[in-house]
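Multiple structures follow.
Each of the two complexes below includes chain A, the first together with chain B, the second together with chain C.
For the complex of A and B:
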C-alpha cells in the first residue's frame, strides 16, 4: 500500500478508537494488524518487543480503572488495556513496513508536501547517528574538564543546540551549492506510485472498520 | 506572513533529533515511575508527571525560530523521530505529538508571535497541558476517575509542564541568549 495512504488510514483509525471504547473492535484490529505484519515477515524478536513495550503502561491503566476507579468497570479496563496494543500494532504496520525516507518521498509526490520539508527533514535525519555521537562527546568533554553534564543540565542542551545551529547552516549551504532551490519544480528520481488498488484498499479497510467500531 | 525556510526546517529536525533521544531516555523514568505508582492505583500518573519532558522541543524551536508553525513542527517532528527510532508507543506517539504540537503552537499564537519571554513559555505550557489533557481524558480513560483524581491528574500535568517546558526551557534559552545565537528583535 502507498505509504501516505497507509499513514492516513492508521491515523484515522487510531483517532477513532481513542474516542470510541469498543473491546471487540480493539481485538479485531489487533488481529488484523498482526496478520498484516505476519504477511510482511514479522520476526519473533519484533513480535515480542511489540508485546512487551506497552505492557507496563497497559497494566497501570488497567489497575487504575479496575481496582481504584469508583465503578470498577472490568470491560472498560480491558478496553483501555487493549487500546494501547492497537496503537502499537497499528504503528508497527507503518514503521516495520515503510522507511522514513520512503514515507517522506511519498508525502512529497502524492500529497504535494513542499519539497523543502521532505529534503530538509531527510538531510537532517541522515545526521541522526552523528548527533547521538555528538551528545555523548559533549558529555565526555565536560567530564574531562571536571564538570558533569547530566540529562538534567541545561548546558547539555545549550551545547547540543549550538551544534544543531552550526550543522543546519552547513547542510543548507551544501544543498544550495548542489543546486537545490526551495520553490523550484523538481524532477523525480524515485517515483512512488499511487494506484487505483491503493485507493480501493484504503477505502475498503476504512469502510470495513466503521461497522466493527460503531455497531459491534 | 513569515514562512519557514529550508535552513530552519533542518534546524527544527535536528532539535527534534536531540529531544527524540531525551524522550527515549525518559521512557525509562516513565517505566520506573509506573512500577512504583501502580500498586497504589496511580499508575497513569507517571504519564502526567513526565509530560513536561516530552513537550520541550516545541517551545525551544518556537523561541529559536520565532515564526508561526515552528513550535508545532518542533514538537511533531520529534515525535515522528521517536516513533521511527523506537516504537514503544507506536502510532500513539504520532497522535500525542500532534496534540502536543497544537498545544505548544497555541501558546505562541495567543501572543500573536510578538512577545517572546517567560510568560509566552508559561502560556504555551498551559495550553499544551489543556489540549493534551483533553485528549488523554478520553484516550486513557480519565473520564472514569473520581472527581478528585480528575483534578489531581490535571494539576500534576500542569506542574510538570510548567517545570520542564517553561522553566527548564527558559534556562536553556537564557544560555542561548547570552551566547547571542537567538535574534532578539
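For the complex of A and C:
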C-alpha cells in the first residue's frame, strides 16, 4: 500500500482503539497485523523483539488494573494489555515494510508536505546511527583525555547535543550546496504511486474495522 | 570578461573582530582561481561568503557587497561528511537532480554520464557511513558533474585523497574548466594542478590580494628519509589479525608489530587506514588478537586502555569536550599527564600553537588548521604511550605543519624512548627525517617498506 495511506490508516485505527476498549477487536487487529507481517517476511528475531519490547510496560498496565484497581476488572486489564500490543504491531506494519526514505518521499509527493520538513526528518533519521556511534566515540575520546564520562553524565549529552546542532547546520548547508532551495519547485524523478488499488485497500480495511470495533 | 565583484566588504563573526576589512576584489568568471594563504586566514569563510552560506549561517556583513554572483553554484566542503543529506549516493543523486527540477529522462542521462566519468558505479548503493573519505570525495565530484553549476567552490577537496585519486579528480576538474564554469579552489598544496590555475589570490591579514604563482613557494619534492631506530620495542602486536567489513575484506590474516618511535602509515583511499585506527581504538570489530605490551586489549578495561592509546581524530570535532579554547586547555591541564607541560599556564599553551587571541573562541568555530593544532596539544597533555594521528596536517599551512612536528618531537617522542606514534598522511612536506618506519596498507596487507619513498 502507498506509505502515506498506510500511515494514515494506522493513525486512524490507533486513535479509534484508544477511545473504544474492545478486547476482541484488539485480538483480531493483532492477528490481522501479524498475518500482514508474515506475508511481508517477518523474521523470528523481529517477531520476538515486537513481542518482548512492550512486555514490561504491558505487564505494568495489566497489574495496575487487575491487582491494584478497586474493581479488579480482568477483561479491562486484558483490553489495555492487548491495546499496547495493537499499537506496537500496527507500528511494525509500517516500519518493517516501508523505508523511511519511501515514506518521506510519499509524504512530499502524495500529501504535499513541505519538502523542507520531509527532507529535514529524513536527514535526521539518517543521522541516528551516526549519533549512536558518536556517543560511544565521545565516551572514548574523554577516556583518552583522562576522564570517564558515565552514560548519565550531563557533559556527554551536552557534547552530543552540540554535535547534533553542528550537524543540523551542516545538513542545511549541504542541502543548499546540492541545489536545494526552500520554496523552489522540485521535479519528481522517482514517483511514489498512489493508485486506485491503494484507495480501495485503505477504505476496505477501514470499513472492515468499524463493525469489529463497535459491534463485536 | 565579466567578473564577480566584491566591493569594500567587511565581514566578521564577532563585532570587534573582523575577518575581512574593506575587501575589494574582482574574480573573473569562467576561469580557474586558486585561493591560498595561512591557516585561519579566512579561506573557507570567503568561499562560504561567495556561496551566500554566510551571513545566512553566521557572521555579519558590516559594509560592502558582493555583486554578479551566479545563482547556480555548488560547493565541495573540506569535510566530506558535511556534503550529503541522504543515506546513499544513489539517493543523493536523485535528491540533487530533483532540486534542479530535471525530469526523469534528463536526470537519468546526467547521472549515468557522471557515474561513468567518475567510475563510482560500485559505490552507488552503499551507505555513506561505509565509504572512505576519498570515496566520498569522488561521489561529491560526480554529483557536481551532474549538477553543472555556473560557480563551483572547492574547499581543500584533495586533503583526504591519495595520489592516484587526486590525479583522477584533477582530470575531472580540467574537464569542468572547459565547460565555462567559474572554479574557485582553496588549497595549501596545489603543486599537482598548477597548469590549470588562471589566477592566484593570497588570503592573509584580513584581506585577499591578487598574487601570482611565482611569488608563492611551491612545496618541494616529497621524497622522505626514514631513520630506523637501533632498538625498536614492539608496543602493539597483531596476531592472526584480519579485518572485514560487511562488503569486503580490508586486511587479510597476518601478524605484525607496531613499534616505539614514529611510523608513517600510507595506502590508497579506501584501503582501510582509518578503519585500522578504529580497530586500535576498539570501535570496530576484527578477527584475531591485538596485544598491548603482551596483554590482549579486549581484556584491558577501556579506562586503562585509553590512558595508553590516544588518538588525534580525522574529524577534529570528535576531540573536543568543552566549549571555548581556554576551557579545553584548562580541562587538559587539570588532567595533565605530561611532565613537561604540567606546570604550563593556559597562555603559555596558547602561545605554543599560535592561538593567543582565541582563548574565548568556541572551539567548533576555529579554522580547520587551528583545530588540528589544538587537537594535537590536547593529546600531548594527556600523554598516552601510543598515539594515533589521522590526517593531522589537513588544513595546515607549511608553518603550521612544522609547528605540529616540533610539538610532537619535543613534548612526546623525546619524553622517553618507550613512546610510539603512527600517523596517516597524504602530504609529506616537512616530514623528512621525522619518521622511523613506513607502513603501507595495500592489497589487503600491512607491510613495512624499507626504501626511501
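Quick note on the criterion: the second predicted complex is superposed on the first by the 214 of 216 C-alpha atoms of A that agree within 3 Å, B and C clash if a C-alpha of one lies under 4 Å from a C-alpha of the other, contacts with A are read in each partner's own complex, and residues count from 1 in each chain.
Just so we're on the same page, a residue touches a chain if its C-beta (ideal position, glycine included) is under 8 Å from a C-beta of that chain, and two chains touch if they have at least 3 such contacts.
Since this is a predicted model, take the numbers as computed values, not measurements.
*Asks:* When the two structures are laid over each other on chain A, which of chain B and chain C touches more residues of chain A?
*Replies:* Of chain B and chain C, the partner in contact with more residues of chain A is B.
*Asks:* Quick check on the superposed pair: does A:48 touch chain B, chain C, both, or neither? Answer first, second, both or neither.
*Replies:* neither
*Asks:* Tell me the contact category for A:10 with respect to chain B and chain C: first, second, both or neither.
*Replies:* The answer is first: A:10 touches chain B but not chain C.
*Asks:* Touching A:94 in the superposition: chain B (first), chain C (second), both, neither?
*Replies:* A:94 sits against chain B, while chain C stays out of touch.
*Asks:* Tell me which partner A:162 touches in the superposition: chain B (first), chain C (second), both or neither.
*Replies:* Once the two structures are laid over each other on A, A:162 reaches both partners.
*Asks:* Counting only touches as set out at the top, which of chain B and chain C does A:38 meet: first, second, both, neither?
*Replies:* The answer is neither, since A:38 touches no partner chain.
*Asks:* Is A:171 contacted by the first partner chain B, the second partner chain C, both or neither?
*Replies:* both
*Asks:* With the two complexes superposed on chain A, say which partner A:146 touches: chain B (first), chain C (second), both, or neither.
*Replies:* second
*Asks:* In the superposed arrangement, which partner chain does A:119 touch: chain B (first), chain C (second), both, or neither?
*Replies:* both
*Asks:* Looking at the overlay, does A:80 come into contact with chain B only (first), chain C only (second), both, or neither?
*Replies:* First partner only.
*Asks:* Output the chain A positions appearing in both contact lists, the one against chain B and the one against chain C.
*Replies:* The overlap between the chain B and chain C interfaces on chain A comprises residues 119, 123, 155, 162, 169, 171-172, 175, 180.
*Asks:* Show me the residue ranges of chain B that touch chain A in the complex, using the header's touch definition.
*Replies:* Touch residues, chain B against chain A: 5-11, 13-18, 21-22, 25, 30-31, 34-35, 37-38, 41-44, 46-47, 60, 64, 77, 80-81, 83-85, 87-95, 135, 138-141, 144-146, 168, 171-172, 174-176, 179, 181.
*Asks:* Any idea which chain C residues touch chain A in the complex?
*Replies:* 48, 51, 53, 57, 72-77, 81-87, 91-92, 94-104, 107-108, 129, 143, 147, 281-283, 302-303, 305-307, 309-311, 313, 317-321, 323, 331-332, 335, 337, 364, 378-379, 381-382, 384
*Asks:* What does chain A use to touch chain B in their complex?
*Replies:* 10-11, 14-15, 18-19, 21, 50, 53-54, 56-57, 59-61, 63-65, 67-71, 73, 76, 80, 83-84, 87-92, 94-95, 100, 116-117, 119-121, 123-125, 127-128, 131-132, 135, 151, 154-155, 157-158, 160-162, 164-165, 167-169, 171-172, 175, 180, 182
*Asks:* Where on chain A is chain C touching in the complex?
*Replies:* Per the stated touch rule, the residues are 101, 119, 122-123, 126, 129-130, 133-134, 136-138, 140-148, 155, 159, 162-163, 166, 169-181, 184-190.
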